[in-house]
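You will see subunit A twice below: alongside subunit B first, and alongside subunit C after that.
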Partner chain A sequence: MAKAKIGIYWAAACGGCDCALLEVNEQILDVVAAADILLWPCAADPKYSDLRDYKNGEIDIVLFNGAIRTQENVELAQLIRTKTKYLVAFGSCAQSGGVIGLANQSSRNEIFSTVFGDQANWPQLDTNKNGHDLHLPEFLPRLTHLADVVEVDYVVPGCPPPKQVVSALFSALVAGELPATGTVFASSKNLCEECSREREQLKITQILRPHENDPDTEKCLLDQGFMCMGPATRGGCLAVCPAANMPCTGCAGPTAAIRDQGAAMLNTVASLIGTGEEGEDQLAAEDAILAQFDDIVGTFYRFGAATSIFKERYHERNATAR
Partner chain B sequence: MSSPRIGVFVCHCGLNIERTVDTLSVSETLRQYSGVAFVSDYDYMCSDPGQQLVSDAIREHRLTGVVIAACSPAMHEPTFRRAADDAGLNPYLVEMANIREHCSWVHLDRSEATAKAVKIIKTMVEKVRGNHPLDPVRIDHVDKCLVIGAGITGIQAALDVADAGFEVLLVEKEASIGGHMAQLSETFPTLDCSQCILTPKMVEASRHPNIELMTYSEVLNVSGYVGNYTVKIRKNPTYVDPDKCNLCGDCEKVCPQSVPSEFERGLVDRKAIYIPFQQAVPSTYTLDERSCLGLHPLRCSECAKVCEPGAINFDMQPTILEEEVAAIIVATGYDMYPIVNLGEYGGGDVANVIDGLQFERMLSASGPTGGQVRRPSDGRVPKRVVFVQCAGSRDPENHNAYCSKICCMYTAKHALLYRHAVADSEAVVFYIDVRAGGKGYEEFVQNATEHEKIRYLRGKVAKIYQQDDKVMVWGVDTLSGKKVEIEADLVVLAMSMDPHPSTRALTKTLKISCGGEGFLKEAHPKLRPVESLTAGIYVAGAGQGPKDIPESVAQGSGAASKAIALLTQDKLSHSPETVSIDEEICGGCGVCVGMCPYTALSLTVSGVAECNEVLCEGCGTCVSACPTGAAQLKNLTDFQLREMIEVALSDG
Partner chain C sequence: MNETLRHVSIDPITRLEGHGRIELFLDDQGNLADAFFQIPELRGFERFCRGRQGEDMPQITERICGVCPEAHHFASTKALDDCYDAPPPPRARALRELLYNAYTFSDHLLHFYYLGGPDFLVGPYAPPQERNIVGVIGKVGLELGKQVIKHRSYGQKTIELIGGRPIHPVTGIPGGQSKGITQDEQAEIRTMAASCLEFAKTTLDVFHSVLLKDDSYKRFISEKAQMMPTYYMGLVDSEGSINYYDGDVRVVAPDGSLFAQVPSSEVLGLIEERTEPWTYVKIPYLKDVGWKGFVSGPDSGVYRVGPLARLNVCTQIGTPLAQVQYETFLEYFGGGPVHATFAYHWARLIEMLSAAERVAQLVDDPNLMTGPLRTPLGTPGEGVGVIEAARGVLIHHYDLDQKGRIEDVNLIVATTHNVAGISMSIKDMAQSVVKNGNVDEGILNLVEMSFRNYDPCLACATHALPGQMPLVVQVHDEKGNICQRIER
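For the complex of A and B:
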């Protein structure tokens, strides 16, 4: 049997996903034995032309990590899509925009001001330096995820994807038994299924951030007031964060039945918040609890801001300038 | 699955819809909509020919779903679901698009209303597209009914259910049944003796072979669901064996402890061992543990020493009874608004300021004064009595906002009976306005004002206070515009009616709701006045809102007939539009379990949530709380909702 041809690509990414590939340890040897790696910018130094030279559909599968931030990301995603049979959204950024999706709370101008300062220093799309024309890819007005620009066949969630999830993908790859397209390489259930903590069905009476108190190691973090995203997040990682006494941040994204992870969790938290008392003071008491939230978007949409129903902040004043 | 063939039926509702919605244009637009196989409009879709139109179209056009664009589903959903069922289409594939209450009735602009009607209908077409055929949930039930509260309402309800051949458990918190009606002297407007018409019913309730009477008892816990409630009732110890007690009254004579008599409204004392009143049912003495010196021969056992039949047993323990009942009638009744709350009227301070029920006891032949009107302070016969209506009622700033409904009538009765009882007496009534709606009521008040020389002053009383041995009443006569100052011997406050203090706790036990004032809440103020929102639990009497005896009795019978309708069914059916849990997705976080107001949800041993669809009322609270999307309402899934919202917000 001919060796499979695989590619690994990064768009707007931090590099963590590439490292995560190696977390499977010696299993990587099975992968290399079963497949040739045709594309891996993190490890080799491929050129656009190399990729263009492949025949359409020549690559069997590409693991694509990173979000779509620039026009170059879009073009490469489209090019890769033509060259590969299967495209995998690998990691939270490819799956749903990831942490950097939080940038959608700011306009492009605001981001540029923060990063480059004076408008004079902002990058220009087309410049001429020393007689050479230089074209930079456009920084898109809004960050988006892979499935927004091309069709995606599989999703490997996580920030970065945990070892057992990557391993499951590699096993399927090596065995030549990829599941039906649309498969998400994680549990179909939420994280609570894998979490060993005890939930007592308590009302949430206070909102705590991880540094504000030492969580009890046996009890449900949510019961204690720590905003654990586990209930609204797919399992598959074996609940490593709660096991390490840290609330789940939601990197694996929602279950198949949820459109908007943050909204789902906000609904849950809103249902759970309460002082246990009834009467006229109840609403004020609940408002006081809600006021303890420091960063609602960053808590509930840490990985899903770019794919939320809300999409981005509405910039009234400079709506036209953008 | 083959493509959907949905029928849309647009009702004109006479002019109700047609006036503001162009039904013809709506029909034309819908005819072009994807999935719609048949469209028709008609004057009154709910009429027989209208329903026929629907059934015929279902058969002829092999419709897979139906949208009736007409009124609220609360009105005619059952009508059309039945029509569809008759035509062989699963009734749960029929939905109402409300283009009347939500559209034609609330808009004036015809073109805008027409466009909105189209949207509403398209939204429901999307819903029907995602609907699945469902079958009602069938439930077995037991054949017993629980009635809580044995005032006149509860007694009437119990008798009606028992007469229909079903077993009734009648639970009363006090030592005797009868409620407040037993305290009344004569009843308006016919002036028949209250006890004379009540006691036969009390006796009948106690003797009825189908009624099990539990006095001095409280409902502790209720679980289960319609047709199969499990109720836990505690019978508190009376320390007197009713079978042995021969009512000799020797115990009462020797008892050293006296406390104000509840039945006599504190006008006189009773002993710690007592019988509430002569015609009490069950006819036996009760030893009130709270006022007894100590239930122990070392402390005091005077009563036990003199009891010849040996009926007194200090070791009597509370007993807990667990019963299965199909239906529950809640008839918890009322209490008077506390007179001490009316400090401005001397309530609680001035001895000769009393409430209406105290005056009833004075007027009653069986009362502490033997039917003579006498002042509590010195026992003298008052020559001038001022009656103050709306005491604690219709005063949203300080007291109850609502009208207590019966006070105008009982005040007229009080004044009239007083005038009859005391020669050369003067009766003055302060009123805001006289509300005498009811058969013979207005005539009764007219008679009181015209022939009985009772002075009616329109105005509010500002202040009541003691001066020497008189009670001074300051008020305004708003008809003459003059200040009024009356020197009275006795003042009777027509106190507001409160829900009985036990009501709120009981509603929590029963998981039914109270309105803002604390009265039991009915499912619909007009069309479902004796039902609670929980299936199989009914409300009746003054616990549901201030009302007089005839109304209370009518509600008691009404609630009974509802219970009988339930008890006579072979099996009960329950809407299948409940919650389902996708076990592939549920990770068992348990958020839903704590949310369910009907305790329908639980976690199974395998760690997923499970919905008992018999208990589920389909409210959807768990669905919005579920973080995984595993909990979905049947035929109203998130997916359906999204499709519906999409259409509702689209331009087309």
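For the complex of A and C:
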């Protein structure tokens, strides 16, 4: 059997997804025995010129991590799409924009002002220094995810994808038995299904923050008032964060049944908020509990702000701003 | 020579963390005229961290870098300790430091075998498709290759047992840790630590038998073109030993004399950041020396951080086996400070050994298994957290409002401190190897090797700093060979 040809690429990313590939340990030897790596900037030396030289469809599968933040990210996503038979959105940023999607809460001008200060110091797309033309890719007005710019065949969720999920992908790849396109490599159920904590769906009488209160180690974090994203989050990681006494932050995104992870979680929380008492004054009491939320977006849309139902707001406002 | 022949682009630069490219422009004689180190990425963490709950920062900022998330996680946690005036209790401190040394071990291992090391383990002139971990395993053998994989996994497993996850850990909270470890987990870490210690020794043997026998490596650590006498910055404990997790910030001058030593919370007083009109990179330099441009020497405020810098600032390593290696290192160079940039590789492995020794000590720290994990929190305010990332000093500086939300964030990361040094190293290398239009793939890799010394993390550097780093390089060589078109 001819060796498969695979690529690994990062767009707007942190490198954690590349490291996550190494978490499978010796299985990586099976992968490199079964496949040639035609692109992997983090760990191998092929350049963009090599990528451009490959024939269309020459690569069998590319694991693409990172969000689409710059024009270069768009162009590389498009180039890679033409060169590969299958494209995998690997990790939260490729899947849904990831943590850095929180940047969509600000306009490009606001981001640049914060980072570079005075407008005179802002980056320029084209500059000429000592007679040499230099170009920087445009920082796009809004961050988006891979499926927004090219067709995606598979999704591997997580920030980064956990070892057992990566391992399942590699096993399929080495065996040459990829599942139907559209497959999401993770559990189809939510995180609570694999969490060892006991959930009673108790009323949430106050919002607790993990540094202020030491959680009970056996009971459901949400029952205790910690904003654990488990009910709105896809499983597959074996609920490692709740096991470490910290709430799930939702990095794997929602299950297939959920359109908007943050909205689903807010819905869940809203139905649980209350003192359990009866009476007209309870509405005010519930409002008081809800008022304890200090950062709704950062809590409920930590990894999905760029692909949430409110994603267009700044896009529209700043479409013409530069 | 036409325009396309005059422009050589290394895009992307590879075997590092993050996006970067090097643009080389040749003159009519085919000699290097200018070189530019461009970083075409930005994500804007300083902006979108505003408004977040302070306690979420260790998990948000670690997404700056997935290669060194532990560094950001604990720099952030330490900044929050300071914001809440809540130093962690001894048990939490022992857990953090144990995890942190396992991280230092694992990260240094990654660089030597996967990122920077292949240039020498496989060879600088080997075909590009072999200069990677697969080529390394082909060269050193499957047995050692499996040892590499196994011991990286041991480091990662230790991180996972304490941090909850191997990448992007979650257990650091202001004033403590969210969980401890069980006695079984302690025993597992102890067993892995003993094996890692042996492997660190083996790796130094590999260094001595391969790199120190390699002609090009020996040349690079001895030739003047690759020497850069700068200031150095690193953390030291009260004995002057290296400490990756905590300590005073010490700065030494190019001649090795003590320039400054301050508590880490005062580090920002030593540094000023500079913006050049022709670049978009903020370049830190020593305030009291001043900015004199991209030059080395005692009159220039350029300083460097990372493994070589730490070995240059410390009085001693602090662990016995690494101390012996450190003395061998100093003897080789005829004493410190060592200015040979390629000695970063050697220093990194001595640190890998010291980290392995520290893990083996800390796993039996009497505080590790008993006592409180949290300390009561004070009122939120301003705080600074400083830690030694694998790549050097990492500073997180936060302002929290009364509800503990982030009002302002300033991050100065390891690779940012090194931006001036990296730029100068690329320039020095390009000057010495790009000549007479002779620019083949191997030569371009030599240019890349000059930045790989620093194990740069451009995603870290560009949480704030995209843009371009023009390097004004003038090569005067009269022979006018036409160079071939090469783009990598």
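Throughout what follows, the second predicted complex is superposed on the first by the 310 of 322 C-alpha atoms of A that agree within 3 Å, B and C clash if a C-alpha of one lies under 4 Å from a C-alpha of the other, contacts with A are read in each partner's own complex, and residues count from 1 in each chain.
Simple rule for what comes next: contacts are C-beta pairs under 8 Å (C-beta built on N, C-alpha and C of every residue); 3 or more make two chains touch, one makes a residue touch a chain.
Everything numeric in this text was worked out from a predicted model, so none of it was measured.
Asks: Will subunit C clash with subunit B on subunit A after the two structures are superposed, or do they fit?
Replies: Superposition check on subunit A shows subunit B and subunit C fit without a clash.
Asks: Touching A:Ala44 in the superposition: subunit B (first), subunit C (second), both, neither?
Replies: So A:Ala44 only meets subunit C here.
Asks: Once both structures sit on chain A, report the angle subunit B, subunit A, subunit C from C-alpha centres, rounded to the nearest 10 degrees.
Replies: 140
Asks: Applying the document's definition of touch, where does A:Pro210 land relative to subunit B and subunit C: first, second, both, or neither?
Replies: Touch partner of A:Pro210: subunit C, not subunit B.
Asks: On the A-aligned overlay, A:Asn130 touches which partner chain: subunit B = first, subunit C = second, or both, or neither?
Replies: second
Asks: Which chain makes contact with more of the residues of subunit A, subunit B or else subunit C?
Replies: Looking at subunit B versus subunit C, the one contacting more residues of subunit A is C.
Asks: Could you tell me if A:Ala180 is touching subunit B, subunit C, both of them or neither one (first, second, both, neither)?
Replies: After superposition on chain A, A:Ala180 lies in contact with neither partner.
Asks: Which value in Å is the smallest Cα separation between subunit B and subunit C when the structures are fitted on chain A?
Replies: Minimum over all C-alpha pairs: 22 Å.
Asks: Where on subunit A do subunit B and subunit C both make contact?
Replies: Shared contact residues on subunit A: none.
Asks: Can you name the residues of subunit C that touch subunit A in the complex?
Replies: It comes out as residues 7, 10-12, 14-19, 23, 25, 33-34, 36, 38, 40-48, 50-53, 55-56, 59-60, 63-67, 69, 80, 84, 110, 114-115, 128-129, 131-134, 137, 142, 145-146, 149-150, 152-153, 156, 163-168, 170-171, 173-175, 178-179, 275, 277-278, 280, 373-374, 377, 403-405, 445, 457, 459, 464, 466-468, 470, 472, 487-488.
Asks: Please give the residue numbers of subunit A that touch subunit B in the complex, ascending.
Replies: It is residues 187-194, 199, 201, 230-232, 235, 254-259, 264-265, 267-268, 271-272 of subunit A that touch subunit B.
Asks: Quick check: in the complex, which residue numbers of subunit B touch subunit A?
Replies: Within the complex, subunit B touches subunit A at residues 582, 584-591, 593-595, 607, 621, 624-630, 632, 638, 642.
Asks: Under the touch definition given earlier, write down the residues of subunit A that touch subunit C in their complex.
Replies: Touching subunit C: residues 10, 12-20, 22-23, 25-26, 28-29, 32, 37, 40-49, 69-70, 72, 98-100, 102-103, 105-106, 110-111, 114-117, 120-123, 127, 129-130, 132, 134, 136-137, 139, 159-160, 163, 209-212, 214, 240-241, 243-246, 249, 294-295, 298-299, 302 of subunit A.
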